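Look for subunit A in each of the two complexes below; its partner is subunit B in the first and subunit C in the second.
On to the complex of A and B.
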C-alpha cells in the first residue's frame, strides 16, 4: 500500500482470479444448459454466485481502503477514467440496438418493399408492403420459414397506458435523485437518505409495471419473434429493464454508504458515478419512449 | 414536430455529456458543473415528455402502437 503522496502501487490481490473462475464456470454451465445438459443450470448458478461473491468482496475492499484514506488523487483519477470507459461501453451497447431499430425502419423495410436503387429486393419478398410496426405477416414469407410460425399480435401495447405512466415514474426518479444530489452537496444527510429511498422506490415501481407490461404483451401475442418490431422492442426494453435493476442495486449500495457516512460534501465520487448512471438509464428510456412508441 | 423532438433529445444528450466530462475531470468546480448539467437534463426531459404527450393529444403526432391495417 502506498502512502498518500507517492505513486500508487496496488497490493497483491486474489480477487481477479476468483472473478475469472466465476465467469468461466458460468459460461461452461450456460453452454451446457443451452445444450440441454442436466447440470447446466446449477453450474451456471454456481458461477454467478462466485462472480457476485467476487464483486461483493472486491468492491467492499476498495470501499474500505478508500474510507481508510489509503487512496491519493491519482487513484481518484483512475476511478473516474474507469467509470468513463464503462459508460462508453454502455453507450455503444444501446447505440447498437437503437441503430438496429433505425436501420430496420429507415433502410431494410423500405428496400424490401422495392424502394431505392436495389432493384432485386422486391424478389426477396414478393408482395411485401411497407408498414411500421412491421408485425402483420399476411404474406407468404411467414410460411417460408420452414414452419417457424411468427407470433402475430392481435393488438399492440397502448402508448397512453403503462409506457406513458412508466416514463413519468422514471422522470420523477430523476427529479428525486437530483434532490438527493443537492442534499449531498449541502451536507444534509437525512434529506439525502429520504430522496434516495424515494428514487429507489420509483425504480422498483417502474420494474413492477414493466413486468406487468410484458405479461400483457405475451397475452396479446407480442413476442420476441413478432418480426423486427417484436425483436427490437424486447431487446431494447429488456436490456433497459436489466439496467434499471442494476442501477437500483447500485443506488441501494450508495444508500448504505450514505448511512455509514462514507461521503463528504467535497468527496463523493461513488455517488456521482451512480447518479450519472441512473440519469443515463433514464435518458435511454426517454429515447425508447420517443422512438419505439411515438415517432 | 418530429425534428423538434429529435432536437430536444440532442440537447438532453449534450447536457448528459457535459455532466460526464465534468465528472471525469473532478474537483469542486466540476462537481458543481456536473450537478447543474444533470439538473438541466432533468428539466429538458420533463419538458420533452410533456411536449410529446401534448403533441399526441393534439394529434400532431401519432403513436407507433396503432396496428397497421392490411
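On to the complex of A and C.
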C-alpha cells in the first residue's frame, strides 16, 4: 500500500523506554552528585550517554523513514505543530527566569531597602542597600541562610564590550542561517553548506566569548552566589548558552544531512525546525542583552 | 531495533502484538490510553492510602498513629500523587483513548512521543516514592513546596523530588503537544473546529494551559535546586531574593494547573448529560467560548492564593475582582448543563448519576471558591480546613467524579462489555454519601478556625473530625467495590452494542465495541460528522 495516502503510524518502538531509563539515571546521578556521593558523577555520565544514544537512535530512525518516503505532508505538519509548541514551552521556561528578574528588581529589592514605608519588610533587613546590578551591595547577613558566603562583585560587566559583540554575532548568525535557507530553496548545495558553516562558526564563537565572559565575571567576583543579580545573571545566560550549544549541535547534524542530500527544495522540515530553534535562541538573547546586561 | 523501522509500516491492519513487551513498545493510542488509566488508578490507590493515614491520625485529638513529621510527609505526598499521579494522567489517558476516535483520526499525531510521555511517568513516580526511604524522610513541606521550607529547611530527598517534578513536566508537555497536533492536524478533513465534540475542545484548551504552565513550574523547581545546591538567592532575602517570589511563580503555574484538572472534566460532563437527557447540548458555542475564557482568566488570578502574604492593597483588589470574573464563564457552563436537562426525557444510568452529582457538588466547590476569593473573607479562611473542603469539592467531586463518570460511560466502547449496572448504582450511592460525610463537615471545621496541615487539634474540633474520618474510611472502602465492578465487567460483562446508550452522539460510537485497534483508517464523511455532532438534535 502506498504510504503517501495514509498517515504513517509507526509500530512498536524501544526508544522511549530507553530515553526514560536514560533521563531517570541521569537525574538520580545528579541528585547524588549534588550530595557529594562518590558515584554520582559517573552515573550522571552514564545516564547522559543513554540519552544521547536514544536521541541519535530515535532521530536517526525518523530521518531514515523520512528519506525513505514514508511521510506525507500531513506528517510534516504534525512535526511543525510539535516543534512550534515545543519552542513555546521553552519560551515559558525562560519567562519564569525573566519573571524572577523583574520581580526581584521591581519589588523585592526596593521593599528590602525600605520602600513602601517599610511596611512589607519592617526591620527585617535593616541596613540593606539597594543596587542593581548588585555592585558592592550591602546585606546585613554576611552569608545566606544555608551558610554559604555571598560574593560581592566589585565592578560592572561592561555592556558594550563582549555582550554587545556577542549580540552582533548572534544576530549575524540569524542572517547567515536565513541565507542558507534561501540557498536551500534555490537548490544551491555549495551555498547552503557555506552559509551553514558560517552560522555554526558564529555560534561557536559566541560560546567561546561567553566562556571568556564567565571567566571575567568570576574574576570581578560576580558569581552564582552574588545575590539575586548573580543568580539571574548566571541562570539566564547559562540556560541560554546551553540552548546555543544544543542548537549548534543540531546545526552540525543538519550540515551533515545537507551533505548527504537529505533535503529537497520543497521538503526540508528538519532544516526549518532547527532554524526556528536557532531564531528562538536569538530572540532570547536579545531579551537577555537588554534586561540583564543593559538596563 | 532497526528491524522494526521500515518493515513495520505496512502492518497497518494488524492487531496488537502479543506478550508483555507490547505495552512497553506500543505506539497505539488505545494501548497508551489504557496504560495511563491503569497507572493513574494505581496512583489513586497509593494517594488514597496516604489519605487514610491522615484521617486515621485526625480521627481523635492528640497524636496516635504517626509522628508529626511523617504526618506532614503524608499530606505532601498525598497531594502530589493525587494531582500529578492520579488526576492529570487519568485525563491524558482519557484524551488518548477518546480524542483520535472523536475527531476521526487513525491515531495520535506523534505516536512514538506518545509512548514516551507515558513511559516517563512510572520513573517519575518511582523517584518520588523512593524519597520515603531516604535519610530525613520524604518531602514534608506541602504539595505547594513553599520556600524556604523546601529550600533552606528541607531534607536531601527534596532534590529527588525536584527531578521527579521535572520528569512529570516533560511528560505533560509532550502529552499536550501531541494532543494539539492531533486535534489540529489529524481531524477528519470535513470536521470544522466548531463541529468538534466538547471533550476535544476542552482538551485542546487544556493543552495550551499545560504548555504555558508546566515550564514555569520547571523554572520554579530549577531555582529551588540552585538555591539549595549552588548558592543562588532566588528565594533568600539575604541576597535580595524573596520567598514570596516563590509563591508567585508557583501559583502562576498553580492556578492554571487547577483548570488543567477541571476543563477536561467539563468536557466529559458535556457529553454525558445530553446523552441521558436525550437532548442536544444547550449552548454548544457558549460552552466553547466559556472554556476559552476560563483558560485565559486562569493565567491572571494566581495571587488569590497569596492574599495574606502582605501584598499591596491594589494587588489584593485586582486579584479579588479578577477571581470573581471566573465565576461568570463557570456559571455559563453550569446553566448550560441545567438547560440541557430542562424538559429532557432523563434516565439515570450510572454515568448520568455521576455527571448529575458533579453538577451539584462541583458547584458547591465553586461557591466556596468564590468565598475564598473575597479578600476580607479569605483573611479568615486562609489555610483552614475550609480551603481543604473547597478544593476537595472541586477536585474529588469535580475532577475525579468526571473521571469515574467517563470510565462508566465509555467502558463499553473500550472493553466491548457492559459493567454490572446494579452494583455500579450501589457504588455510586455509597460514594456520594460517604464523600459528603467526609468533606462537608470540613467546611464547619474551617469556619471555626481549624488550621490545615496539622496532625493534632483543639478539643472543640473533635466531633466533626471524627465524622469526617468515618466518611473517609467509607469512601476509601468504596474503591474496593469500584475495582471489583471494573474487573468483573472486563471479565464477565455482557457484550456491549456499538452504541450502548441509545442517544449517545459522537464518532466514537460509530466504531465497534470494543473499538477497532486502529480507529479511523479512512476519515469519516461529512454526513457522519453532522449526524454525530453535538449540535444536531437527537432523533
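Note that in this section the second predicted complex is superposed on the first by the 277 of 295 C-alpha atoms of A that agree within 3 Å, B and C clash if a C-alpha of one lies under 4 Å from a C-alpha of the other, contacts with A are read in each partner's own complex, and residues count from 1 in each chain.
Convention: a contact is a pair of C-beta atoms (placed from the backbone, for glycine too) under 8 Å apart; a residue touches a chain by one contact, two chains touch by 3 or more.
Since we're looking at a predicted model, the values are computed, not measured.
A.B. asks: Taking subunit A as the common reference, can subunit B and subunit C both be placed on it without clashing, or not? Answer clash or fit.
C.D. replies: Because the two structures are overlaid on the shared chain, the partners are seen to fit without clashing.
A.B. asks: Touching A:77 in the superposition: subunit B (first), subunit C (second), both, neither?
C.D. replies: both
A.B. asks: Is A:8 in contact with subunit B, with subunit C, with both, or with neither (first, second, both, neither)?
C.D. replies: second
A.B. asks: According to the contact criterion defined above, which of subunit B and subunit C contacts more residues of subunit A?
C.D. replies: Greater contact footprint in residues on subunit A: C.
A.B. asks: After the superposition on A, what does A:20 contact: first (subunit B), second (subunit C), both or neither?
C.D. replies: It touches subunit C, and subunit B stays clear.
A.B. asks: What angle, in steps of 10 degrees, lies at subunit A between subunit B and subunit C when each chain is taken as its C-alpha centre?
C.D. replies: 100
A.B. asks: Contact-wise, after the overlay, does A:57 reach subunit B, subunit C, both or neither (first, second, both, neither)?
C.D. replies: second
A.B. asks: For A:28, select first, second, both or neither according to whether it touches subunit B, subunit C, the two together, or no partner.
C.D. replies: After superposition on chain A, A:28 lies in contact with subunit C alone.
A.B. asks: Touching A:158, do we find subunit B (first), subunit C (second), both, or neither?
C.D. replies: The answer is first: A:158 touches subunit B but not subunit C.
A.B. asks: Per the contact definition in the header, classify A:86: touching subunit B only (first), subunit C only (second), both, or neither.
C.D. replies: A:86: touches subunit C, not subunit B.
A.B. asks: Closest Cα approach between subunit B and subunit C after superposing, in Å?
C.D. replies: Shortest inter-chain C-alpha distance (subunit B to subunit C): 9 Å.
A.B. asks: Mind sorting out which residues of subunit A both subunit B and subunit C touch, each in its own complex?
C.D. replies: The overlap between the subunit B and subunit C interfaces on subunit A comprises residues 77, 81, 134.
A.B. asks: Mind pulling up the subunit C residues that touch subunit A in the complex?
C.D. replies: These residues of subunit C touch subunit A: 1-2, 4-6, 8-12, 14, 17, 22, 24-27, 105-107, 109-113, 115-116, 119-120, 122-124, 126-127, 148, 151-152, 156, 159-160, 162-163, 166-167, 170, 173, 176-178, 180-181, 184-186, 211-216, 218-220, 222-223, 226-234, 236-242, 244-245, 248-249, 252, 310, 312, 518, 521.
A.B. asks: Using the touch rule from the top, collect the residues of subunit A that touch subunit C in their complex.
C.D. replies: Those in contact with subunit C are residues 1, 3, 6-17, 19-21, 23-24, 27-28, 30-31, 34-35, 57-58, 61, 64-65, 68, 70, 74, 77-79, 81-82, 85-86, 88-93, 95-97, 99-100, 103-104, 107-109, 111-112, 116, 119-121, 124-125, 128, 134, 137, 139-141, 143-146, 148, 150, 223-232, 234-235.
A.B. asks: Which of the residues in subunit A come into contact with subunit B in the complex?
C.D. replies: Within the complex, subunit A contacts subunit B at residues 76-77, 80-81, 83-84, 87, 129, 131-136, 138, 153, 155-160, 164, 167-168, 171, 174-175, 178, 181-182, 185, 266, 269, 272-273, 275-276, 279-280, 282-283, 286-287, 289-290, 292-295.
A.B. asks: If you look only at subunit B, which of its residues touch subunit A in the complex?
C.D. replies: So the residues of subunit B touching subunit A come out as 2, 5-6, 9, 12-13, 16, 19-20, 23-26, 28, 31-32, 34-35, 38-39, 41-42, 45-46, 48-49, 52-53, 56, 61, 63-68, 70.
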